[in-house]
Amino acid sequence: MKANSVGIISRLDVKDPKGYIADMVKKLSYKVKLFLDPVTASLAGVAEATEIDEIYADLILIFGGDGTILRSLQLLPKPTPILGINMGEVGFLTVVDPETAFYMIDDVLDNYEVVERARLAVKLNDFELPCAMNEAVIITSRPAKISQFKIHVDGKFMEDFRADGVVIATPTGSTAYAMSAGGPILDPRVDGIIVVPLAPYKLSARPWVVPGESVVRLELMKEDKESMVVVDGQYTASVRKSDVLTFTRCDTPALFVKFGDKFYELVREKLGR
Amino acid sequence: MKANSVGIISRLDVKDPKGYIADMVKKLSYKVKLFLDPVTASLAGVAEATEIDEIYADLILIFGGDGTILRSLQLLPKPTPILGINMGEVGFLTVVDPETAFYMIDDVLDNYEVVERARLAVKLNDFELPCAMNEAVIITSRPAKISQFKIHVDGKFMEDFRADGVVIATPTGSTAYAMSAGGPILDPRVDGIIVVPLAPYKLSARPWVVPGESVVRLELMKEDKESMVVVDGQYTASVRKSDVLTFTRCDTPALFVKFGDKFYELVREKLGR
Amino acid sequence: MKANSVGIISRLDVKDPKGYIADMVKKLSYKVKLFLDPVTASLAGVAEATEIDEIYADLILIFGGDGTILRSLQLLPKPTPILGINMGEVGFLTVVDPETAFYMIDDVLDNYEVVERARLAVKLNDFELPCAMNEAVIITSRPAKISQFKIHVDGKFMEDFRADGVVIATPTGSTAYAMSAGGPILDPRVDGIIVVPLAPYKLSARPWVVPGESVVRLELMKEDKESMVVVDGQYTASVRKSDVLTFTRCDTPALFVKFGDKFYELVREKLGR
Amino acid sequence: MKANSVGIISRLDVKDPKGYIADMVKKLSYKVKLFLDPVTASLAGVAEATEIDEIYADLILIFGGDGTILRSLQLLPKPTPILGINMGEVGFLTVVDPETAFYMIDDVLDNYEVVERARLAVKLNDFELPCAMNEAVIITSRPAKISQFKIHVDGKFMEDFRADGVVIATPTGSTAYAMSAGGPILDPRVDGIIVVPLAPYKLSARPWVVPGESVVRLELMKEDKESMVVVDGQYTASVRKSDVLTFTRCDTPALFVKFGDKFYELVREKLGR
């Protein structure tokens, strides 16, 4: 595919002493229609800016870390292929460094492929929350206070346990919070949903992987404990006892510009130590 | 589907004081063409027996445990739907008890559905080993001696480690040896291959799940350690340093007669304690 | 030893439809000098009550669960042998049921032995927090937000990691929160301190056990994350970046009335499922 | 302490192209009474050699890896302080490189301190096996075949499980095989015995730490499975169903020459990846 219009988004508190972002803006301004989010516009000395939720472009460049991409995914008005450029340490979603990006960007815009990454639809009772790229975490609002959970998969009772919380993750999220909670590493191409109890108060709790097309249903069983659901570390909602959370495959996967395929290398490098 | 011919296989050392097997043979002899393996024929007082590798039937009843099914799967001459009847404790593959089986069998034979369970093709260099229903374990022949392994997935280097061995498992096998080695529990419908190091000599080893259509390639890196590959605890072959093991999806999945769906219940019951 | 004075403490929200507590008060009022905390006095219809922090007795009966004991340990004005009587499910510290306690109490008061259980002294900079019977948890105040920790043991750098938190536990606490975080089970007689990262963001984190006489020093490394330290789920204090937490053996161990020794049985029963 | 006589032991298959061992022999021959094991004598071109089990010296230098030390500990005729010099990668017991050892050895021999490291006495029925520096592993003789174990601690039933085996380890051994099996890392100063099931076939198995003065009793419960006990990877004995293995603190701890204290650094370096 070929991109005629490009959006550029930068991390809110980005530091760019070498001017990578301004250089990229200048270079691309000769080539394609550009939409700059306010942070990027300010860094590049451009007067006109577009809020993220109004950027309709063929392709989006994001300068920052994985968190910037997670936030943008919740704001963008339509599914758009993203190329993540890391402005600090390499991430699982921001795999290109700014110098490489600068030299490769012409080739990329002229001819790029798109990779789909499954996301998770999250419903709190009948209310739809943003889809999760990495995970939804359900956790007690008061840290270190245990709650009680009951999980059904496709209508079958799976498990109940007392725990600090539960992580429901995509394969992409298997290297993020789900990994910290003790989950397995999933190749992002696996079609599954990961369920990992967070600090469960029983010896036999184990991570699960269920089919990507499953309906995972989570109930909170304790009257007096207020909990919350956090989607991708970005969106938070309160959850109480009678509430039911439902997790299914999101209709719109995230789109990424294909750029090498270093998944196993990243796991060794980023998580190995 | 409707079965006109039925094979019956019994565990080699089966004990059947209540005569369940003889009763089943008698009941079915009025209804369908029967093929009895030698153990079953002997128990039922029938002269004519058929070796397992010559049983061509519409459906197979297996009296025994999961091990009997794993063994039969390696012997049967063609993929045939199996109904496992447990003659001791319930198993993940032998989910019906003999009394229930006796009362339900007419209905089952008249109208059964078949469930496919993915198996793993195992190649030692260019030599094809039997497909694995649960797992292939690669392990040093001298217990408690460490070996060194290197794993590639679809041509990408995944990980190397020193360990007692490696378990490469199907989702069905996630509740067998892979679970003991610390792997996650996979719903059998997930399309994936599980890779779990066995007693790895590094802190950062973690179970992996890769796509079901992957090519997993395992090399042994140590000159002086002889190892072996064990398929489903049934088939064993020696492995030496220059050898390469390759794991892919098996062309012929295992076929099971659908009989309830108690996967999550079984995990809680059988593995919970 | 023989008890001449007895304190009785009951859980704040205790339910006692069978009147076990009132019966015990009546029985003991003929035998020893009694001090009743306000909840107990109210349940027994006794006018005079003594606040927990003013109970000076030879022995304390606590009706409730492990939480009631953890709370009382922080309030009692001097180390006093405790006999925990469970008013719901059995606990690790409340091992006697109320009926058994009623029939055995005469024998106990006439001749009891005391078991010491090590506690952990917790210092936040120069400020002494209550000693921990089970554990101190250091955790980010906003759930599911990662922080960064650095740990020294006896002046030697042990490990640093990003995590939700850290659990520093006594052997007694090894069956409580430390177990949920993935720690080993320690026989309460082991002289050690357990250090377990909580949802660490690296693959190689592992639980540690260091000598009971060690000085464990924990620093928070992240500027912008507010955290808190929670002692036994009862006492909470805020922690910020420049703060240092120090853990050593507490000068005053907890004292328990010896009553059977069912540690391994309790682990199997309470945590096995 | 001051050493007047020194034994030198080298790994059976040691490679020493730079002549470190010969240099050390030459240097020390002017200073102390030397006892060279046959490998060392051959490398140093010295005619007279002493078998390891006849070396009575004040101090022993061992050139090799941890395995060489484990082997020597089983052969030496009396407890003697050991200084381990690594001839390849650094180990947990061989912490000095040969160049540093050469320059420091005069100071060491004139004034050294001894550190004790607890070992484990292992009894098979009434027969005493060599004490274990790291661990005793009980494992089925046929790899990947499960066995059944029952464990008592100080006469109390602790746990039974089906597993490939069990690791009973010292704190020193916590960074060796017990770590691979999923055990916690113990500071070597902790007074405890580690019990870790090896690939247990139940979800709730967890590592245990029991007091150093405990009596750990292990029974094999399965009739038909032959197993073996391996002490420190060096000594092997067969174990059958009626056999009972008993583990207690060894009367003679191992003695090491104090040389820095890099335990936590070694764990990070050697096991972190």
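Observations on the structure shown:
Each chain carries a letter (A, B, C and D) given by its place in the written order, and its residues are counted from 1.
Criterion: a residue touches a chain if its C-beta (ideal position, glycine included) is under 8 Å from a C-beta of that chain, and two chains touch if they have at least 3 such contacts.
This is a predicted model, so every value here is computed, not measured.
Counted as hops between touching chains, the shortest connection from chain A to chain D is 1.
With chains reduced to the mean position of their C-alpha atoms, the one farthest from chain B is C. The chain pair B-C and the chain pair B-D differ in C-beta contact count, and the higher one is B-D. With centres taken as mean Cα positions, chain D sits 37 Å from chain C. Chain B and chain C have Cα centroids separated by 47 Å.
Spacing of chain B relative to chain D, judged by their CA centroids, is 39 angstrom. Multi-chain contact residues of chain B (touching two or more other chains): 179, 202-204, 206, 271-273.
Those residues of chain A that touch chain C in the complex are listed here as 137, 139-141, 143-146, 163-165, 177, 179-182, 198-204, 228, 230, 233, 271-273.
Considering their complex, residues 202-206, 272-273 of chain B touch chain C.
The touching residues of chain B, when paired with chain A in their complex, are 153, 156-159, 179, 183-187, 189-192, 194, 204, 206-211, 214, 261, 263-265, 268, 271-273.
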